[in-house]
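Per-chain numbering from 1; labels A, B, C, D and E assigned in written order.
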Amino acid sequence: MINLAIQVGQTAAPEATLFWILAPLTFVAALGMLLVKKAVHSAILMAFVMIALAIFYIAQGAPFLGIVQVVVYTGAVMMLFLFILMLVGVDSSDSLTETIRGLRPIAITAALGFGGLMLSLLARATLGRTVVGVEAANAQGNVQGIAHLLFSTFVWPFEVVSALLITAALGAMVLAHHHRIQERPTQRQLSIDRFRGESLASAAGLPAPGVFARHNAVDVPALLPDGTAAAASVNASLKARGDVLDSSVFELGRVDTSVEEEK
Amino acid sequence: MNAANYLYLSALLFTIGAVGVVVRRNAIVVFMCVELMLNAANLSFVTFSRINGDLNGQVIAFFTMVVAACEVVVGLAIIVTIYRSRRSASVDDASLLKR
Amino acid sequence: MTFTAPVLNYSLLSPILILLVGALIGVLVEAFVSKALRPVTQLSITIGTLVLSLAQVWKIRNEHSTTAAMGSVVIDGPAILLQASILIISIISVFLIADTDHFTALAASLPGSDEERHAVQTGNQVTEVYPLTLFAIAGMMLFPISSDLITLFVALEMLSLPLYLMAGLSRRRRLASQEAALKYFLLGAFSSAFFLFGMAYLYGYSGSVNFAGIRESVVGGSGNDVLLLIGIAFVSIGLLFKVGAVPFHTWSPDVYQGAPTPVTGFMAAATKVAAFGAMLRIYYTVFANAQWSWTPLLSAVAIVTMLFGSLVAIAQRDVKRMLAYSSIAHAGFLLAGVIALNKAGLDASIFYLFAYGIATVGAFAIVTLVRDSNGEVTDLNRWKGLGKRSPWVATAFAGFLLAFAGIPLTSGFIGKFSIFSAAYESGAKGVVIAGVLSSAIAAFFYIRVIVLMFFTDPIQDGTTVDIPSGLTRITIIFSIAVTIVLGVFPAPLLTLITNFATFIR
Amino acid sequence: MMTSTSLVYLIALPLAGAAILLLAGRHSDKWGHLLATGLSGSSFLVGLYQLSLMLGRSNGQRPITQKLFEWISVGSFNIDAGLMLDQLSICFVLLITGVGTLIHIYSISYMSHDPDRRRFFAFLNLFIAAMLLLVLGNSYLNLYVGWEGVGLASYLLIGFWNQKPAYATASKKAFVMNRIGDMGLSFAIMIAFATMGTVSFSGVKEAAGHTSTAALTGIGIMLLVAATGKSAQFPLQAWLGDAMAGPTPVSALIHAATMVTAGVYLITRSNFIFDAAPTAQLLVVIVGAITLMFGALIGTAKDDIKKALAASTMSQIGYMILGAGLGPVGYAFAIMHLLTHGFFKAGMFLGAGSVMHGMNDEVNMRKYGALRKFMPITFATFGLGYLAILGVPPFAGFYSKDMIIETAFNSGGSKGVILGCVTLLGAGITAFYMTRVMILTFTGKSRWDDQAHPHESPWLMWLPMAILAIGSVTSGYLLSHGDALVNWLSPLFESHGEHAELLSPVVVSGLALVMVAVGVAIAFLKYSRNEVAAVAPDDVSIFTRVARQDLMQDRFNEAVFMRPGQVLTDVLVKSDEAVIDGAVRGVGRLALGSGSSLRGIQTGFVRSYAALILIGAVVLVAAIWVVTQ
Amino acid sequence: MIWLTFLMALPLAGSVVVAALPKTNEKLVKQVALFTTLLVMGATIAMAVGFQRDNVELQFVEKYSWIPSFGINYALGIDGLALVLILMSTILAPVVVLAGWNESHGGRWSVKVFYTLILVLETMMIGVFAATDVFLFYVIFEAMLIPVYFLIGGYGTGERSAAAVKFLIYSLFGGLLMLASIIALYVMSGAQGGHTFDLASLSHLQMSSTTQNLLFLGFFIAFAIKAPLWPLHTWLPDAAESATPGTSVLLLGVLDKVGTFGMIRYCLTLFPDASKTFTPMILVLAVISIIYGAILAIGQRDLKRLIAFTSISHFGFITMGIFAMTSQGYSGAALYMFNHGFSTAALFLVGGWMISRRGSSTIADFGGLQRVTPVMAWMFFLAGMSSLALPGLSSFVSEFLVLVGTFTRYPVHAIIATFGIVLAALYILIPVQKALHGPTTPGNENLPDLNLREKIAIAPVIAIIVVLGFYPSPLLKVINPAATHVIAGLGFSDPVPTSGNNE
């Protein structure tokens, strides 16, 4: 059993306290990632887990890694996540009802099975050698030790990782970068286009939102003379984000045009 | 206090991450769950590094962070692309290819 | 602690370094060369790089059996053979990639938008594909020669990331292509998390990140095997995912179908070589002494994979999906070589990988040729009468299919024979029987396609066969020639492999 | 045994004729028939020459052999293509070539209006060659070749006018029923080889002494089966009546004089087997007895002149088989009856042919009548044959048939009495139906219709009839004078002790003559006194009706073999499609079905893919959990 | 001496030449093909002259290393049996080319492709009989399927592609089972003194009886599919119905012989004990095939299917002869293979001419052909007579040898099988009556009789049928030494006549 084999007692008392306070919180936070509706909340919980892990790293004699975890992982990577979340819709929320039939029970069974089996297996594991502790390796300083390894034994992967970074940058550029292959239309050009277009309906500009409506918010469309909502009056990106309010609530009673025709 | 406790925690976090990939629909959340799994692995590395008394584990963890960062860049780029085409970040909506 | 400067043996790493340099030049070209010149520049740089790298592999062929880069990589016989295979397959794949009609004009544009249309009209091209390809190839070259966990992981990501991106770059059916990229990426990241987790346990078990160290622990390990077994299991998941073995195969049909066909061909062929190369190295050296633990499981996976791939392929209506399932079945056959765990198995696997890789690229090359006005036609029903419309193309495709089916006088047969006999020799009779059975099932759908092409009258729906461009033609002719020559005169290659392929442990 | 180099010419000459005529095709239309006749005649001359040589040698030296070449030789199974001519075969050779040549001559005229006359002669020559091979072969296997060869020739000739579906069917029927008999011969040869290691006559004869009775009985029964097929004996007799579809000369030669007697030859030739296998011998007798009654009864009811004669042939061969079944004493008499029958029955058939020739190919005797005046020569020759078959002294039948009746009576015990009575009764019925034929055809009032212009046949036709008539008259006396034939053949048969005489020859002859007289009388009463209806009356007894239908033999075959056979065939054809092929297709469908359902795993949802991977991981971890327990 | 390689190279070279000819010059293509096949036939006969009859060892042996890593050699050599079958194949090839002069028209592809495939197939036909390396044999065994597949699917009639697929799948399935067995042999040879595929060396392998039985089945099922033995026969009628007559001749006449040839060459040699174990079962299957094939033939309405079912019956005889384990049975079976090739060829070719003239293969559509086209009718009749084993024609000798050889050891089987000869009379005479006899069916009055080319094509076949009926010795002398060798090698000797013991 590992727990018997490993007697890392040196920093026992304070570290244990730290662990037993932080670990349940970490666990709960991680679990929370699965259970909260909003992606942003998930991200916040994730950040919490990462910081907790950073603390664990430091507690286990890996201060460099702990710092990197906070600075790079939590600071940069998670921010990237949040940034993209903003882009996609910051308060978009998942409905947590399962749509794929049978997946939920499978997932729960698999989770319980996997977790349970892993814990049980870990409890069974023995190492058969004495635990060393990282103090000796850190004798000359944790950063120095890592640097030593990084620039001697692992210099080749270290070099190769640079290629990986370039790949990532290149890939992001390929997928996200728009070449300016068209001249941006000038205001003058837009104006001309508007008048020479097929219909003069929009020549005077698009209707403003809230016009004739019972509400004057930007996410409520204008109403047309017959009482229906004018889709063009709401900004397209609002629509794309799904943030437009349902205007039917604000519609007037419909004008019955068919009666007129009969006269 | 036993270092193995970190391993248990790591296993639990890994499990949560894995299940998260299965149950969450928002591509970004799914991806965050993958990151959680990687982090869990890192915790294991650090713990084993301590148990083994060398820094190799920490170096791997360091590499993992770098690689994960690259992965995040690529992954988010893909997610953004597909979001722009589909106006949806739900992984369930991307199911043209099947059977 | 004194720091001694690391010795890298650059000459041994040179094939990979050349590729990386080539890729970097490619990136610079993107920045500095005019748009019009980029395609041809990139293509020549890429091909030049690959040829140079191949030459370098040839040059170092006899310096093998050493470790390099501070023990991070091993250059031994199998390494040379696998690297050469990857390079050859890559060269002919790049010929396909050079046909830019397959790639989106502007990846960032919305599908169906004016911007996209404009980009197509102005002849815009995503020439970044070339450096991405080179990066992927470099990763593939590194994967099977890695000899520590870190390098292995980095190589895995290095070959995967560009492929994730490239899968999403199709010109037609872009939504499907992007979906393929997303699926590939998410599942790839998911599986590499398992891979990493497994690595952690291997490290924990052995206290070493180096293969040699881990092997030492496996041979004379102290303590019990729990950590080792978990490590083996999770690392296997990562590897089995890459090779597309059931139940870790699910990505491959979708990604094969969605990705641009040249990328699919490249991915199907080269990735398989790289992944199986790494798998062979790990199982034959690191895990060899824990054989008792993984052989039964791997056998089960192999059997299920063969049968599943063959059975499901029967029901496919899309040629790319069919080839995907076929490649799943082939992954099963190749696993038989891993299970064999003997010299014959190693030789056979390397031969099979090369032969299968070449035939796969050839087959996908032909898929790129069958088109209508909306691009490639992959619906099998519209392949009817292809033999009438363009007999040579159909004949070549039939040749590849026969090779996949393992008909004698094609490379596929020699491969299948050698791999099954190796597996039988090691006592894996169940795997051999399942292999034979699934070969029979598999023959069913390969032949069905041949029937469609040759024995069914064409329907008039505008499906035509594109006249192969020079490069595509080279790919097809080379592939079919190799497929047949290796079927009739496999001796030189087999002898070469036999003489070369010994892992240093 | 002496060897010879000239035996082969007996066969080669007619065979060459057949080959030339068939290969030359229409080119030989003008001279083909002459060549065929000439070659058949030459073969007869060769036969005569051989006879003269044989007569010049002492008894033990008479058989001669000729080895042509090694035919089949595998392990201990060594068969030479070899010929053997002995006292028995020479009789047949002369009968075959002699009667054969006469019939060739007859046919020149008979078939002169047929566009395919050349082909007819080619087949006749083919038949002669095959029949000669049958009687000259020195082993059972050589005999077998001739045996099937005559079957082929018979098939071709019965179906000579095969554009008529009924004739084609008749020829097929003959061939198939013959094949059933041939199967018996195959079995006999197989048993012989398995038990004795040889199938040559001399070898088997030698080995028969120390072979188990069981094996010999088996061989004997199988040979009998063969004989029943070829000689139209019960129960394989049904084909002979239908075989009358062939041109009349064919009926005369093949289905009266020669081929159908091959069974008698086979049994006689295999005397060494039957002598040692009493059970088989008894069966031979029983078959002969049944058939002679069977044929005779059918003969009483037939209105078709050829079919009546055919039934008579069946019956007469029954006599021969019965005779041959009586053992050493009977063989010679069987052969004697065979020879005399060859003359008179061939003569009568040719006569029938002559009648048909003059009557526009009408075969229904009810449409004949009073032909005596129009066809005097035919009437005369037919009449002589009639007297011969009745056994009226001193015509041929008297000598041969009475011998068989006498031997039957003297074969001992109740068996002798029964057999004697049967043969006597048969003689009476024979007299009845032959008289009926005579009366209906030649006497009484004419019943033919207006188109018929009866006339005598040309000399080419009546000459052979006349020669055969002479034979009918004299052959009996010549062959039995001083027991000539019996002595001639005796070296071939092992003689056992004489049986006690139950009845003396005189008594037998007397009884026989009485029976004949009764038969003739009844026929006269029935047909000469009353008007003969031009159409067969329907208000006849059940026995007549049954006899008209050949004693239900066809119905029996149809109900017992053909119907079930057809049902079996249909069932198998359907089940081959449905069951066997269905199983194969089922496997294919199973694969396709399972493939289609397994496709369901590929839902298109990335999360379910991930779940699958996770399940895989769980399975692996669980496996580890189990292993490390 | 490289006779055999030379023989194989000739048609291959011919196929290259044909492939290089212009597509439009069909006549030249045919002439070249005919010339090549005639040349091969001549060369084969020349080789046969040099064959030493009494030598039971393999002759004209060639051996070159092919894939040394697996111990695979390009090894050729023939014994009497192989010689006879190669002779048959090379004689049939020009006959097929000449007889089917026009059958390549109306196919999916050009005439040129047809003859290229035929010539390639001829190379393989020679190779498959000459191979003495199991791997080489397997390679050719499987590769042969491809040209035949295209010949059926590309130039056949009716449901040709379905039939071709059925044929291929069936054969591939059997072939894969055989592959599994071959792999096992190979592995065992490696464990017992070095990897090899040499037939002679493999026959000395030590193996447990279970292994031997399983491996035997692997080989046997493959051959039983090929030679169609009940119940693995259902592909044959479909294939024969759809293929052109020429293809059918090569398929039934030559390719299917590979099955029975394989039973002798591989099953008996490699697994003598298993062969004995399975003999009772195989004999039952053979007898069922004989009777079943015959009855099914009687029930057919389609001429080509009928011929196919007769072949199933005949293959039953051949199989029975092989497993009777007597020299008569063996020699009979070997001779039967040769004879069946020609009698089936005659039936198919003449039947094919009838069908192409009439435009239908339904037997009921013919009628009275003897009046209209006498020569054709006679040829069909003769072929039919040969098929029903009329004495004096070649099949009789072989069929009787098989029966006699079987009877001495397995009388019951032989007796049941003999009933097949009565059924044979029915299945031949029924179509003969329907097609040739009776009144001429309306529409058939003006069918042309055989032309000179067709006569020349059929003449050698008929000649062989007739001559071998009377004089089979030359072939038997070639076959016999091999027969005794094989039978003795299995530890059998012919049963001694029982009468000797009863004295």
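In the analysis below, a contact is a pair of C-beta atoms (placed from the backbone, for glycine too) under 8 Å apart; a residue touches a chain by one contact, two chains touch by 3 or more.
Chain-to-protein mapping (UniProt): A, B, C, D, E = Unannotated protein.
The structure displayed is predicted, hence computed values, not measured ones.
Using the contact threshold fixed earlier, the set of chains in contact with both chain A (Unannotated protein) and chain C (Unannotated protein) is B, D.
Closest to the protein's overall CA centre, chain by chain, comes E. The chain pair with more C-beta contacts between its two chains, of B-C and A-B, is A-B.
Per-chain CA centroids place chain B (Unannotated protein) at a distance of 65 Å from chain E (Unannotated protein).
Look at where the CA atoms of chain D (Unannotated protein) average out and do the same for chain E (Unannotated protein): the two points lie 36 Å apart.
A straight line joining the Cα centres of chain C (Unannotated protein) and chain D (Unannotated protein) is 79 Å long.
A separation of 102 Å divides the Cα centre of chain A (Unannotated protein) from that of chain D (Unannotated protein). Contact with two or more other chains is made by residues 100, 103, 106-107, 110, 114, 118, 121-122, 124, 127, 145, 154, 157, 161, 164, 167-168, 171, 174-176 of chain A (Unannotated protein). Chain contacts: chain B (Unannotated protein) has residues 7, 14, 17-19, 21-23, 25, 30-31, 47, 51-52, 54, 56, 59, 63, 67, 70-71, 74, 77-79, 81, 91-92, 94-98 touching two or more partner chains.
Touching of two or more other chains is recorded for residues 588, 599, 602-608, 610-611, 614-615, 617, 621, 624, 628 of chain D (Unannotated protein).
Taken as a contact graph, with one node per protein chain and an edge wherever two chains touch, the assembly fits none of the named shapes, being neither a line, a ring, a star nor a complete graph.
Every pair of chains that touch is listed here: A-B, A-C, A-D, B-C, B-D, C-D, C-E, D-E.
Chain contact summary for the complex, chain C (Unannotated protein) toward chain A (Unannotated protein): residues 1, 3-6, 8, 13, 16, 20, 23-24, 27, 30, 69-73, 106-109, 115, 118-119, 122, 124, 126, 128, 131-132, 135, 138, 142, 148, 150-151, 154-155, 157-158, 161-162, 164-165, 168-169, 204-205, 207, 221-224, 226-227, 230. By the touch criterion given at the top, residues 22, 25, 69-77, 81, 141, 144-145, 147-149, 152, 159, 162-165, 168-169, 172, 175-176, 179-180, 182-183, 186-187, 189-191, 193-198, 207, 210-212, 215, 568-570, 572-573, 576, 580-581, 584, 588 of chain D (Unannotated protein) touch chain E (Unannotated protein) in their complex.
Residues 100, 103, 106-107, 110, 113-114, 117-118, 120-121, 124 of chain A (Unannotated protein) are the ones that touch chain D (Unannotated protein) when the two sit in their complex. Interface of chain E (Unannotated protein) with chain C (Unannotated protein) (complex): residues 65-70, 108-109, 135, 138-143, 145-146, 150, 153-154, 160-161, 164-165, 168-169, 172-173, 176-177, 179-180, 183-184, 186-187, 190.
Contact residues of chain A (Unannotated protein) toward chain C (Unannotated protein) in the complex are 5, 118, 121-122, 124-129, 140, 144-145, 148, 151-157, 160-161, 163-164, 166-168, 170-171, 173-179, 181-182.
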